[in-house]
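You will see chain A twice below: alongside chain B first, and alongside chain C after that.
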Partner chain A sequence: MAVGVLFVLAGCGYKDIDKRFFVVSIGVDKAVKEELAYTVILKLAVPQANIKSGAEEFILVKEQTNSITEAIRIAKAKVDKELDFSHAKLIVFGKEVAKGDMRETIDFFTRRRDIQGIAWVGVADPTAEEVLALKPKSERLPSNSLFLSFGDTGTVSPYIITEYMFSFRKRLYERGLDPILPIIRVDGSNLFAIDHSAVFDKKRMQLVLSPKETALYSVLSGRANRADIKIKRENGGEFFLAMDESHTSIKLKRGAEGWMRIAIDMEVEGVVEEVKGSLPANELGEARKEAEETLQKEALNLLLKLQKHGLDPFGIGLRYRGSHIGRSDWDDWTTHYPDAAFDVRVDVIIQTTGGLH
Partner chain B sequence: MTRYVYYLMVVNMLVNVFAYVPSILIEHRFDGAIMSILLGTLIGSVLLLLFVGIFNRYPAQGLPELIGQSPFWLRAPVLFGFSWIWFAAGAMTLLAFNNVTIRYINPDISGIHMMFIYSVVVLVILAFLGSDKLLMLLEMILAINLPLVLLIMYHAYINKAITWPSIMEVLSYFPDPPNWRAVAGVTFTFSGYIGLLVFHRVINGKIPLRKLWALPVLGLVNLATTFLIPVGFHGADGVGDFTYPWVATADALRMDYAPIERLITVFLVLYISIALVSVILAWHVSFELLQSVFRLPGRSRKVWARARFAMLFTYGTVIIWMENQFRQEDIFAFGEAWLQIRFVAELMLACVLIWLAMRRRAST
Partner chain C sequence: MKPSPLLEEIRWIEDQLGSQPDVVAQEIRTGDIEARLVYVCSLCNEKLLNEQVLRPLFAIGKQSEFESYLLSLPRSIPYPGKEKSVHELMYGYALLLAGSCVVLLDMREKKNSAVTEADVEKVIQGPQFKLSEDLETSLNLLRHRYHQPSLFMEKRRIGTASLTEIALLYDKKRIDPHTLELIKQELDQVQTDVLFAAGQLEKLMAKRKRKLFPTMMTTDRPDRVALNLAQGKAVILIEGTPFALVAPTVFYDFMSTMDDLYQSVWISGFLIFLRYLGLLICLLVPALYVAVTAYSPELFRVQLAFSVAGSRVGVPFPAFLEVLFMLIMMELLTEASVRLPNVIGSTATTVGGLILGQAVTQAGLVSDIMIIIVAAVAISNFVIPINAMSFAVRIAKYFLLACCIGYGIVGLVVGSIALVAYIVRQESFGQPYFKLFFVPTAKEAQRLQGGRSG
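This part shows the complex of A and B:
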């Protein structure tokens, strides 16, 4: 009897896959109309019989509303199939939205059960619409080229900061660890350029890092261990070092009178990839020194720049909190961080000069 | 057969990774969670040794047999009371998992319908399987699920997105004194020994006390995982906002080359099967205790079968009623209140057991 009851219970709660529209990416822009908050753009994949590069098809549904929920309700009324968010792997915020209150904007995305916590997040420059509308020639499935850029399966580059939704939220709330997101631009008509990054405080975008700074951040924070650095030689030439391996350790030291030193030790192993001018074998020791000096200077500049803006995407403040017992550690940190001194030490090992010597 | 004791303990630990215990610990992460974990582990281990030690003396006997010769005024309230407390254990797990199912797996089904399906499955199994068969079922479920659960945990620990400084920050609050609610929650993860009240009837042979050291260690690792991994994924400050910290944590796991990229689905299905087994075990304990209150010599088999049916029917009705009455907030409030009542009741039961053992020794 009990089993019989189960058959009666079987409902029709499930919609077939051909009755669904898969949202592959979501964009949020500032509304054009003054009185409204957002323009929400949903990119819907249109299934195709044969998949060819550059022939992908998608629909962009655009709504101007005050909240993301309303926008989706209206969008649902416009399309003929059920909207399915389970494949929304990318969420982009327009630059103007990123300058507003992000805690409020992302609330929807963390609260909804069907938005992935592992969706990639980025800032679109200038608008999310422009980024979502682009159809790169090499793309076979809608939004796939951005998925490949952010995931580990496609291109890997220190310029591309990868950030998941859950991690972005964590950084928006965690005192002592500030959010950083990639900035996605449209380069020419057919490619994405993701080489800048945006650093946030606990609410909004504050600072844009250049490609060079972004790569250095990636290496220093351990997100990437491969990057190329240009080293100017004293004799006027220059060479490029491709890092194979790098390791950074951050230590906090505190003296008696309340001053603080942040010691950053960086170990880099690399290969000489390109030389302009000359780099004879007997000058390798000098070259190594020059590389160390260059890296040291660049890292210090980046750290000082972040300190000047009161930002901390490395999570040094969080380390301070973690290594101090008691409730006052965060206040201590905020009073001492602005005038903390940095000790940057870099160790470079040049493994080889490549196929030429 | 003594290996089943470990299974009973482990399944209870595992099921608590998910629902109430992490929420309570995370709520108290800045006021005494660490000390509560340590103290709770200590209390849990002492109780485990005590229960195993006492039951070891009376081979193949459960609580109904042990308490059988004592006067009715003691026997009936203990058996009846514990039967309902342990029914509530199953009920709160089932309510939480039902809530997760309708929230995250099939949002189109109503809570009552889903609960109906779950409770019918559980009650049918209860009606047809005896203690020994249930232990075998438990072994099978663990053998299938445990490797996958361990894989997911391993994946969580080695994940790059985990911020260890956040975990250090939470650990740096260790000097805070323990918190009553958190201790009550922590000791529940060790409550697997309650299964002995009934399952000891089919566990033959003495359980070697010396080999039990592995369980407190496992329990501690389990608690560290359930508490600290969500902190690492969602930050010491941000983790407090989640209804189900572990659903959010599973949603943060990604396997690039796995057949299913998003681990949350795998995780939920695994955990629902573990939770169902744990509910079945809890209700079996409850059911057997309840039967022993009413078991009197001279009743015919037919009457007895009807009585059993009535008991199971009551279980079903109560759980459906609860699902109908309780919303998400109520479920959590109920779970927390229950954890504290259970802690007190368990300590009282331990006293009763000690008293029984001493009396028996005196009389022989």
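This part shows the complex of A and C:
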């Protein structure tokens, strides 16, 4: 009897895999027409019997409508196979859309059960259409190079911020933890350039971080533990420190008078990768000190910049709320964060000077 | 002179046998002995008869001395009555009436007692020969592997026409008396005209006739039989087939080979793991293919989804027809190569496997991935060591496939649960079928001990 009921419940019907159109990525741009809200672009993969590099085929379906739902309904009528969103692993918002109300835009994607919560989200500069239309030479399957960029299977880079949809939505709503998304640009030479990032407040894009800041954010937030930092030496030379291991801890201290200090401890282990000028082994101690100072300065700059804009992609506010009891915790945080002092301590260990001795 | 009642009975027996060309009924006279010898010459060893009976007969020449010679001959058994004697004559006994003494002499000769290499269950390094078709030879092989006075044997005859001799063997010290009782009961209720094979006897002994999974093991390896005897199981040897039946057996037994015992721990562990992997592949892969491609392609990673979709481009059938089509082709191929003589067998596999497989993808009737799946299923099915289980699994996979065609992944889950429930419900002579290892736990061993003393 129970088994019988289960069979009745078995959901969606039989539809062969070759009778489905897989939507690999979805782009949302501002509509060209004034009165409409969005241009929705669906990138449909066209499966091929022989998969060859650079010979991928896809269809871009573009619809201008007021809502994403409508756009998809219309798109469905245009294609000959069932649209399948189960592999829609990438959602790209055009820059203009990102400047609008993101809570509203993302609603559709979080409600659809067939779009996975682990889809990657990014901001396209200038438009999502341009990003989706690009066909990199190395690609064998549509959108695969972006999947590889964001996933752990392909390249791993501190410049690429990886953000899942569920996490993006959480950050849009959670007080004390602000969203940050990668910015995807099309580099003229048939490649994607993903090295900037966009920090949002609870609604729209507020601040763009440079590649250097993005990498530092990745390291400080624990998203990446490998990055390269350029360190200028006092004697005029410079060297690059390739981090192998890094660990950051954030602590909050509050005084009775209301002051607040945010203590950030950073431990970095790395090797010297490239030296301009000279770096003899006996100067390693100094080099280490210089590296600590550089990192400390850069981290402080990033934190102050975010503080100035009232943004908090590290989730320090959430940490504050988590460690302080009381109804007024959020109000306390918002009043004190703008003039909280940062206390950054960096501890660098240089393991070797590289393969040269 | 009125003939003695014994002579009357002999004449009656001769009448029963009729005047067949191979029935010998001979009058012998020498000295004061007046004897009559009856036997079926196609069943008897006449040379032995000549050496052990006829020559001494003429050499002794005295009634009383010859009588005592006959009675002390180990091959002689006392006269069991006329009806029984007819049966015994049909097994190769010779009936000898000398004066007032009647005996049956065991003069059986079997031409099928050759011991040949084991070819159904092969092991790499282990005993290489299988049981014989001749019961006595098989017993000889077994006794030589299991030197225990506690090895008990009961002989029976089954089949109203074939009267096949079977021997029930067990180690009295080790077997669970309850199990033995059950086996005997089942043997008692067997009714058939002819009995030629172990699988046939298993089917006849089963209470529920329509079962999918075998509950008794069929094996022709003397080492496996001896091992099972030592594990406290009963073995039934059947005259005329090298295969023995072992009961009770649990699921795990069907997945084990004798190599597990002969190889080192890690190797045999790996082999067992491979076998269970093969079982799962064989059961689940066709069903999963249908469920995932047609119901939930999100389970594939995106790259795989596209290559599956790509390879299915241009295939005119839905996935389930494709799977069914190829699976049935594969079954036909397997079946054909079993039945064909060895000489033609290789042609069948070449035509079927290579040419058909290649052509069918080129014609676009079946996707490349499907060919891989079918090949994987076929190969992994052969990994299951006991043939009967291998067949059962071959059929069970269609059940799971049917569930998946209708209901996708949910069907697979429910189907698997149903299959497991079905197997769990099975029982082999009082032993739960899905019990993983047959070796009794300490608690059970205690119970067994108690049962025996009580």
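Annotations
Note that in this section the second predicted complex is superposed on the first by the 343 of 357 C-alpha atoms of A that agree within 3 Å, B and C clash if a C-alpha of one lies under 4 Å from a C-alpha of the other, contacts with A are read in each partner's own complex, and residues count from 1 in each chain.
Simple rule for what comes next: contacts are C-beta pairs under 8 Å (C-beta built on N, C-alpha and C of every residue); 3 or more make two chains touch, one makes a residue touch a chain.
Predicted, not measured: the structure shown is a model, and the values here were computed from it.
In the superposition on chain A, A:281 makes contact with neither chain B nor chain C. Within the superposed three-chain model, A:172 lies in touch with chain B and out of touch with chain C [touch as defined at top].
After overlaying the two complexes on the shared chain, residue contacts for A:45 are found with chain C alone; chain B is out of touch. Contacts of A:77 after superposition on the shared chain: neither chain B nor chain C is touched. Shared-chain residue A:116: touches chain B and chain C both. In the superposition on chain A, contact is made by A:16 with chain C only, not with chain B. Touch criterion met: A:24 reaches chain C, while chain B stays clear of it.
When chain A is checked against chain B and against chain C, the one touching more of its residues turns out to be B.
In the superposed model, A:32 lies in contact with neither chain B nor chain C.
Looking at chain A, you'll find residues 3, 6, 9, 11, 14, 116 touch chain B in one structure and chain C in the other. Interface residues of chain B facing chain A in the complex, by the touch rule stated above, are 30, 103-104, 106-109, 113, 116-117, 120, 123-124, 160-161, 163, 165-169, 171-175, 233-238, 241, 248, 251-254, 256-257, 261-262, 264.
Residue ranges of chain C in contact with chain A, taken from their complex: 293-298, 302-303, 305-315, 318-320, 405-408, 410-411, 414, 417-418. Those residues of chain A that touch chain B in the shared complex are 2-3, 5-6, 9, 11, 13-14, 110, 113, 116-118, 151-153, 164, 166-167, 169-177, 223, 315, 318-319, 321-327, 329. By the touch criterion given at the top, residues 3, 6-7, 9-12, 14-18, 20, 22, 24, 45, 47-51, 84, 86-87, 89, 114, 116, 141, 144, 147 of chain A touch chain C in their complex.
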